[in-house]
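Same chain, two partners: chain A is paired with chain B first, then with chain C.
Here is the complex of A and B:
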């Protein structure tokens, strides 16, 4: 039988078979890895739904309307949903212009000696554990807010939002920076050739072309802000009621889960936590899937 | 005669320092391994000191002490995640039977209302306290303080300190949903010390100059008053094991009941309890 010629090698029948088996085996490993991780993600959701079912069948959907008062048998998480939105959205509003400015600086307008360090700095910042941010927040932001807030405790929505804004900026800056960098070089030269100034180039060419990356970054940043636990747990004060102002304390869903986790496993409080988990899961899954879709250009 | 006396004295001198230095931690001689504790945060100062002395004596023993609150301590030890689970309340009959817990009460502790040292208020009665914590009295000026909003600090549901305070000081009264949540006795002290308009509650063992403990119905939160039973908001500090304590667990708990252990407990501001 004639031997097959593979570039670089001449393989015997035997050797080829071994190689085939080896390839199959490798494919199997990779495939099972992919299947396992995606199945796990769905399993987590299913398990949460399964564990939350007894709670829903007992308490109905009162969880979305009532207040949180386990002593009197009321397990509403509406204040926590409000707390989550009211800390994450302001954080995004604060972080967005800062991140956009920073990434334009690092990608385009900055001093050429500072551009590289600027992006390296953000890379380092993105690997700081959130508990460190929260810790710094307790000593820097909380006393400041206490002073401004006239008699408030300082543990407030505003404190948490400010620190969350710092936390989510690196995520956003990466996305913004990458998409600003990937704008076609010839188009850029064309813009300059047509007499555009540097700032006009940024405003009318770079940012519009990087639109997709910017949206994706915003969605992912929001997802991070909603999903973060330590910062809101340590800085927002965790009172389980609807806040009246930015200087008041609030509790987010994530902090709520962390706080209630200590309750008895068989108590309804503990089961209500799974409902929180489902809500958080769905929100963050929606945000990150949307972000990926936008980034890949399937949603214009 | 003189000779005998002198030699006796010398013998005694040899003996005394030995007795003093060796007795308590001596039981850890030749032991090795690790011991993990978690749960109640009121216990921490005592346990830390005990662990320090033991680990200094025997470098082969590693003792780690975590917080989390009484509920966490009971749950974790019940599930076998740690060796000793601390609680600032007696575990409920349900918890004891479910996990097969063995309880060791080694101290009595009070829980006191604390405010910022600059606060003019010194005493509260139960009724006023209930009104403050439920959010019905919102301003310090209503009870003789300065004109400022009252910031209520409370502990999370896992806390034994909270349970005791709620039961015995508030008579199971409501705690306002506006209250801020703090997760340990130590953190509560820092939070109250930093906030001029705060009110919170901590273990008496944690009381120091950075916060002011308020008298309750005219009785000041002093150890003497807790001991005499006059100050009512008191509880035992428990260390719990799953099943009978054995090995290193046993020795650690025994150590707390020795004279040295009891002196540590007293020096940290608690009332030691004999076995």
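Here is the complex of A and C:
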């Protein structure tokens, strides 16, 4: 018979029995954890679909195209989709080059005493609460945009995009840094031996070879920008119409969910929230899967 | 130095470094300047004192104490729910799952960790709705327990991933030694893998705590309110620091209230950064120890 290993301090049979129960419990936790988390991910989607179903059958496909005007019975969420895209994409466009520059600094071109603190700073920055970013944005960015935009409240797409750009940078910088660091050392030495300068090596070897990681980082950054609630809720102004310029206010899908809390739980107004949730779920799931597919096995 | 694309890019990398450092320094110092002694007794306890508030339950009106208590209770319950299942999932991923199962599960965990927090808040909200329909009398309603449950869904993938990395980055010979001595898988996990991977798992949990403390979107939909006082039980509505900041930013009536929101911001950043630093230190000590053993 196989003997079990038991630490030396266990003397009596009784205690061994207790330990067996403990082991069973551990086994239970491990398997139930695995089952629970795989069930959860589908449960979240299914519950939202279940609650949005009356809305879909009532409104049909028009929700994706129509405008938002509850008074006249029009519950389209198209303006919110536009608002989400119009705040997240500019944020990405602003943040991408700067993040790439920063990660190159931290990985290669930087002063050797500054490289480590640089990456540490970004790690610390990623733990700053989003609500604090948004709160500071109200007092720093919004007055600035108000001045530049000649009137208007300052609560606009531009303000939200600028703060979102700062928010998503750490995520992207991690990814870029990681993939720049994992480029083969011998290839790098080869490039230097062929007469490339250090900065030429970065531009013509490191960045092209880290392409996959950079794309994955961009996808994840976009996911964060689309999914962020507090910044667009507090800075974008929340008017539910199609915006005409960057200085106008807009409402994102996330902010829409946060704002619509009608008392009547069966109204189409309220049901539209779940449609927004489903869209957000599907977009972010798609982005995560794509990022993973591009950057196989390297996502931590 | 020659001026070409490469050297220009180098200059650009210096610029972006200075840019981000400038942004973060400006941002943090702005909050500090606008706040008014965030760590003082007056900011947390208002007119009441520490001893009266903590030991004699004297109500605190002009301080952050109720919000701080709400956040602490919220974080504690969320972590209690999330840690067993999160580490369980991580252990399953690294020790039990093989091949396709492992791939699918990792993908699911990735999707879960990429979900916007508002979607998870909506999930918590739906649970309240459905519970209310099924058992109107006994449903928990908007409360700490529902918020904690939703928050634990939010941080579960973080804990699972950090556990998985911690366990699977252990030495292969170490992993096999217990098994070769006749321990079964569970015993191996309990006596060898868990104790050895504990520091890295702990640092992951600390980051999850910071995530629980900072998230606003989830608690906004599941029970945080502006004036709840100190939470009496986990079945009540509650105040929390991040929600207080959000609420005050839109509803403030006086400079004084605004100052309190700045205090709350500094306090919240302080909590998150301290948790980050502890987690970083634990991780780097564990890493050094591992190197020395090798």
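Criterion: the second predicted complex is superposed on the first by the 263 of 300 C-alpha atoms of A that agree within 3 Å, B and C clash if a C-alpha of one lies under 4 Å from a C-alpha of the other, contacts with A are read in each partner's own complex, and residues count from 1 in each chain.
Following the convention adopted for this analysis, a contact is a pair of C-beta atoms (placed from the backbone, for glycine too) under 8 Å apart; a residue touches a chain by one contact, two chains touch by 3 or more.
For clarity, every value in this text was computed on a predicted model and none was experimentally measured.
In the three-chain model built by superposing on chain A, chain B clashes with chain C.
When the shared chain is aligned, chain B comes close enough to touch A:237, but chain C does not.
When the two structures are aligned on the shared chain, A:285 is found in touch with chain C, with no touch to chain B.
Once chain A of one complex is fitted onto chain A of the other, the partner contacts of A:227 are limited to chain C, with no touch recorded for chain B. Contacts of A:155 after superposition on the shared chain: chain B is touched, whereas chain C is not.
In the superposed model, A:30 makes contact with chain C only, not with chain B.
Contacts of A:119 after superposition on the shared chain: neither chain B nor chain C is touched.
Of the two partner chains placed by superposition, only chain B is touched by A:143; chain C is not.
Counting the residues of chain A touched by each of chain B and chain C gives the higher count for C. With the complexes overlaid on chain A C-alpha atoms, the stretch of chain C that clashes with chain B is 225-233, out of 81-89, 99-107, 189-197 or 225-233.
The interface of chain A with chain B overlaps its interface with chain C at residues 265. Listed in rising order, the residues of chain C touching chain A in the complex are 5-7, 9-10, 12-17, 19-21, 23-24, 26-27, 30-31, 34, 84-89, 91-93, 95-97, 105, 107-123, 126-127, 129-130, 153, 156-157, 160-161, 165, 178, 181-184, 186-187, 189-191, 207, 210, 213-214, 216-217, 220-221, 242, 245-246, 249-250, 261, 265, 268-269, 272-273, 275-277, 280. The part of chain A that touches chain C in the complex is made up of residues 2-5, 7, 22-23, 26-27, 29-34, 36-38, 40-41, 43-44, 47-48, 51, 97-102, 104-106, 108-110, 114, 118, 120-125, 127-136, 138-140, 166, 169, 197-200, 202-204, 220, 223, 226-230, 233-234, 254, 257-258, 261, 265, 273-274, 277, 280-281, 284-285, 287-289, 292, 299-300. Of all residues in chain A, only 67-71, 79, 143, 146, 151-155, 237-241, 248-249, 251, 259-260, 262-265, 269 touch chain B in the complex they form. Only residues 68-69, 71-72, 75, 95, 148-149, 151, 153, 156-158, 174, 176-181, 183, 191, 194-198 of chain B touch chain A when the two sit together in their complex.
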